[in-house]
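Each structure below appears as structure tokens.
You will see two complexes here that share chain A, one where it goes with chain B and one where it goes with chain C.
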Partner chain A sequence: MSNGNDENGDENLGERLYVESPIIMATVRVVAPFVLTFGLFIMFHGADSSGGGFQGGVIVSTVVLMVAIAFGIEPTRDWVDPTTIVAVMGIGVSVFLLIGMGSVALGGRFLEYHAYPVYHASKYGIELVELAIGVIVASVVVGLFFAIAAGVSHGDDAEPAESEGLL
Partner chain B sequence: MLALVLACALATAVLRDVLGSIIAFAAYSLGVSIIWVFLRAPDVGLTEAAVGAGVTTVLFLLTITKTVRPAGEKILEPIDWTGVVVSVLLVGVLVSTLGALPAVGSAETPVATSEVTDYYLDNAYEETEVKNAVTAVLASYRGFDTLGEAVVVFAAGIGLLVVLQKEEFA
Partner chain C sequence: MVTITEGAVVALLAGGVFFGLVAAVGLLRLPDLYTRTHAASKTDTLGAGLTLAAVAVVYDAGLPTVKAGLLLVFLLITNPTAAHAIARAAADQGIEPWTAEDGGDEQ
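Entry: the complex of A and B
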């Protein structure tokens, strides 16, 4: 239901917010893979050290935020594709629910991992749940980022009611 | 460290420039996260550092690009004394409950003496096969609560879309 004003407004925003800087672009290009790895590490290794899905998800989402700030929000949004973010959000919740309800279907209680006939079911189950949480958190944070960025442009298009509700 | 956190909190409240206020707020979050690590709560510290000092700052910065800088050369915001009185009263009420808390590191806290804690610490590894007891509680013993938590985050995203009357984040 996005209205026609969005496209014009977003280009506007890209011009205003985005200042091309070779230093920032090069830094992000070098740092982003490490941040992504660190986020995934926090997500997966949360089982054995501190960390977990919530923290890891936020760190992974930071990668998209960094790329957006370095290379412009509008190209990044096209690259990520906003519809995918919503889909990924739904997938995360579904995976969590499926793991939880799957053990019920197999005769256990909610999230009783031992109901699964898999070796080390509990360990892998927890990793999967952490991953699902991370996916939810990362996609919601990225979504909030893009939504707020789009909300900025609405200020010019005489749609203050909508953006005020958000902010 | 406490002094740094308090100074940053004060700076956040009184700085006239919103950008400066946000930076002070990020520093405040970082200080709080270091305090969490000192209190042996690295999981909470990690969350505070990632969310409070990281993402929230970016979202705030994005938000203030929509606003204008206040005119004038003054650095500090004029202080609203009614607000100060109210917040001091609130803090006073909260501080009056501090006496009921056990000392930091005391062995007689309900957390340390509760049999639930012992059960988690004794059985978490055998039952859930993960070494981090926090994760064991989060994803296994209290898995249903965590599902609720994750759905709250999900609902925040969906709620935003509903408010904006959109079907995608654009």
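Entry: the complex of A and C
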């Protein structure tokens, strides 16, 4: 199976003759950690001022998109394989639901942070929920990006099973 | 009267507006993608850069100045790279640069 994929990749390279740009790769290397930090900052900022999980999640997902555009989409897809993306999505949703239902279990309403016996419960609760939302948004955006990119690079047969059958 | 800080802010803002205007004129008047990227990226980097420098000067010292300075640094790193990426992708897609033979009807 890996052989088949490699042959496919070589064919594509032969057609397009695209060589990665060292300038773009260097810039992405420099900027990526700062973008990730900024995304996390926006996520946590949502607890007490403008910002939040949705904006922060999109910024965090930009890191993976930048890496994919600079170093090639297929190597990046191998690096973060789609199973991981779906798993991260699931973890985000479960964390959100756990925080929400936890307050119900402690005798409050859904997402009623005061039910938790913690100092400043609503602040930390909102921050955790924002983080969970950010994780969901980031993984969904990355997944959509890879789904769209698959249609471009493989033509009609985006299914791995089909390309295997062709070879 | 005008203090030194105010004068510096006005001068920086005037520079920023000027380069923004040059970018707009370049986008409208130049014939093809490469020349337009050329106009937009250079003047945009300087225009936004000078405006951010004015912002940094307005907030004498403190967190906003640091933030404006960081924005300035990242703008200077990413803006030329983005222009490079656009021009490179266009060349990769086989878009031919405009030449004098392509005619003056483009005016």
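Following the convention adopted for this analysis, the second predicted complex is superposed on the first by the 134 of 167 C-alpha atoms of A that agree within 3 Å, B and C clash if a C-alpha of one lies under 4 Å from a C-alpha of the other, contacts with A are read in each partner's own complex, and residues count from 1 in each chain.
By our rule, a contact is a pair of C-beta atoms (placed from the backbone, for glycine too) under 8 Å apart; a residue touches a chain by one contact, two chains touch by 3 or more.
No experiment lies behind these values; they were computed from the predicted model shown.
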- Message: Clash or fit: chain B against chain C, after overlaying the two structures on chain A?
- Response: fit
- Task: Applying the touch criterion given at the start, work out whether A:I23 contacts chain B, chain C, both or neither, answering first, second, both or neither.
- Result: second
- Message: One more residue to check, A:I126. First (chain B), second (chain C), both or neither?
- Response: first
- Is A:V95 touching the first partner chain B, the second partner chain C, both, or neither of them? neither
- Can A:F145 be said to touch chain B (first), chain C (second), both, or neither? first
- Query: Just chain B (first), just chain C (second), both, or neither: which does A:L36 touch?
  - Reply: neither
- Task: Please determine whether it is chain B or chain C that touches the greater number of chain A residues.
- Result: B
- What's the minimum Cα gap, in whole angstrom, linking chain B and chain C in the superposed view? 9
- Message: Quick check on my understanding: which residues of chain A belong to both its chain B contact set and its chain C contact set?
- Response: 16, 69
- Under the touch definition given earlier, write down the residues of chain C that touch chain A in their complex. 74, 77-78, 81, 84-85, 88, 92
- Item | Residues of chain A that touch chain B when the two form their complex | 1-2, 6, 10, 16-17, 42, 46-55, 58-59, 61-62, 65, 69, 77, 82-83, 85-86, 89, 92-93, 96-97, 100, 110-111, 113, 120, 122-123, 125-126, 129-130, 132-133, 136-137, 139-152, 155, 162-163, 165-167
- What residues of chain A sit close enough to touch chain C in their complex? 16, 18, 21, 23-24, 27, 30-31, 34, 69
- Footprint of chain A on chain B - complex, ascending: 42-43, 45-47, 50-51, 54-55, 58-59, 62-63, 65-66, 127-132, 134-136, 138-140, 143-144, 146-147, 149-151, 153-154, 156-158, 160-161, 163-170
